[in-house]
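Going by the order they are written in, the chains are A, B and C; count residues from 1 in each one.
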Amino acid sequence: MTDNPEFVQIRHAQKSFGKLEVLKDISLNVARGQIVAIIGPSGSGKSTLLRAINDLDPLTGGEVWLDGVQVNKTLPHRQYEAHINAMRQQVGMVFQHFNLFPHMTARENVTMAPKMLKGLSNDEADKLAEEQLEKVGMLDRMEYYPSRLSGGQKQRVAIARALAMKPKLMLFDEATSALDPELVDEVNQVMKKLAEEHMTMIIVTHEMDFAASVCDRVLFMDQGVVVEEGPPDVVFRNPSKDRTREFLRKHLAGAK
Amino acid sequence: MDIDLMLKVYPFFLEAAWVTIQLSVLTAILGLICGTAGAAARLSRFALVRFIGAAYVSVFRGTPALIQLFILYFGGPQIGIQLDAFEAGVIGLGINAGAYMTETIRGAIISIDNGQREAARTLGLSQWQAVYRIILPQAARLMVRPLGVNLNMLIKATALVAAISVIELTYTAQRYIGSTYKPFEMFLLAGVLYMVIIYVVGRGVAWLDRKVQIN
Amino acid sequence: MGLDFTIIPKYLDIILLGCAWTIGITIAAAILSFFGGILFAVIALYAPWIIRQPFRLIEWMFMGTPLLLQLFLIYFGLVQIGIDLPAFVAGVIGLGLHFAVYNSELIQTAILSVDKGQMEAARTVGLSRSQALRKVVIPQAVRAVIPPIGNNMIALLKDSALVSVIGVSELTLSAQRVIGKTYRPFEFYILAAAFYYVINLCMEWVQRKIERRISISR
């Protein structure tokens, strides 16, 4: 499936807030169908990097490319808006706090964007909602409002909402961090299923076991740089850098 | 208490109450329009537009509504604005109420979690689509109650147009106090009518507030 | 008739005098409304039923009717029962009572939110109920409501313009008098508005200072 090794390309990404540099010259390629986990302590810049990919947190330097198109082009405001909206339709994003729309049912959360942006009819949209909610195991809660769903259920609906736009790439920003421990697994199962379907995914996570079991590649970030990257068994079992070892030791000790 | 007198004059008070209701409705509509425009201006991405919005709120909330009314009604002709007293009342009070509503509407909008906007934008919605499909429907539910407070204030503020001789409730009460020397009776007549109007509007707002809540 | 602002300096002294009266009436009514508010709150919460219920009805009427109507009632009502007060005093009483009712609402909520344990603690050290109220509960409640009372006082400044209608020579009526001589309503009402705006800004500035001090002392 790795027909395009530069499907997602980040070139010399740099980001600063005033004097504070949160991303320092990061470059990264992700092939089509690849699954990359980004791990690291909080404040390491991993979420900022993820959110730069769909320009939610614009970079102050460097470029992001998706499937041969530059995402963060410099354009006049109006043209840029049209461009970025088109790009974002191809990139699904899942947030730590779900960000479901509370005034819409699960079904409406899923169908809103396809109806609005792709002109789907009500019937087409409802079929799509059934399909996507079925995939995340939420078909029976289709008419529920988010306030009546558990955290895990909310996150599964949020994933269905993102998938309904048929994205080329999925970004997960600590998708399970806000969940009670017993609800983490149901969301992980959905993500595993996506992995089996060869969805290209970039996952910011604290779940080392999960990262080890589904990812092709792991990046360890600290203080705005990529300290170490490689296949999960190498990074987790046999890291070459002290900082990685230190982080894993603390983190794995803390998790147990 | 002079019940006979009250029975004799109450039809005039009812008529005046109808004028007060008309004033309130028209002022509320104009206030909502100004408030929406003001809130949009205060949230604009252009600094100059934001400044104009902030200046509107600051000036109209920072000076007496009565003076604003006098500037419009008495000063207007000097700059080519000829309005009758009722028109001046509606426009003056409406623009004034709009300044207060601007803050109510803006407050509701900025209290919506930024994650909602982000989620909408990541799906590919434009700024405007995110506002009217995601932010406004949620903010509207939060606005009902504070806008109800604005409405309550606005109804009482319509009394100010008595000072430019619009024949509404307060003006009528004042006139009959002058001619009958029965201030308590006249106050009671006008006061009860004001409270009926305010009570009905308050119940309406409470009903709407319950109705728009999610679930 | 065009605009001519050069006429202003000639009448500035009258306007400035009106300004002084506006500040005076605002301060006097603010003081009345503050202590009146505390008194009303205590009556509304702690007076015997026979006093409390009619009192609440009156409060409710004051909140449900326009200030202008209340000013007419007080000004002409007092005359009717043989009390002929100067307009200034009637204005201060009208404004002061009106805002006392609004302040009372705030203070009632604050008193109820002061921890029940405070009253109990005060009683266990031997204070009577009224001593505990005076020394322990009310001081805490009042401190909590100073910022929202500040908002009421700023509203009071603007509503003080209404007492021009019952003949108090404050800023608005002074402007009206000058306009009667000059026939220049636009210029002088704008001037009056500017003075109100400046006083308003000063009050907001003071309010922010006080709020900051309160938030530090906590």
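The rule is simple: contacts are C-beta pairs under 8 Å (C-beta built on N, C-alpha and C of every residue); 3 or more make two chains touch, one makes a residue touch a chain.
Just so it is clear, the model here is predicted, and its values are computed rather than measured.
The most distant chain from subunit C, with centres taken as the mean of CA atoms, is A.
Taking the mean of each chain's C-alpha atoms, the chain closest to the overall C-alpha centroid is B. Put simply, the C-alpha centre of subunit A and that of subunit B have 46 angstrom between them. Annotation: 22 Å between the Cα-based centres of subunit B and subunit C. Inter-chain spacing, taken between the CA centroids of subunit A and subunit C, is 57 Å. Remark: subunit A residues 54, 56, 81, 85-89, 91-93, 95, 97, 99-103, 112-113, 116-117, 145, 147-148, 158, 161-162, 165 touch subunit B in the complex.
On the subunit B side of its complex with subunit C, the touching residues are 59, 62-68, 70-71, 74-79, 156-160, 162-163, 169-170, 173-174, 177-178, 181-184, 187, 190-191, 194-195, 198-199. Interface residues of subunit B facing subunit A in the complex, by the touch rule stated above, are 113, 115-116, 118-127, 129, 133-134, 137-138, 141, 214-215. Per the touch definition, subunit C reaches subunit B in the complex via residues 1-3, 60-61, 64-70, 72-73, 76-77, 80, 158-162, 164-165, 172, 175, 179, 184-187, 189-190, 192-193, 196-197, 200-201.
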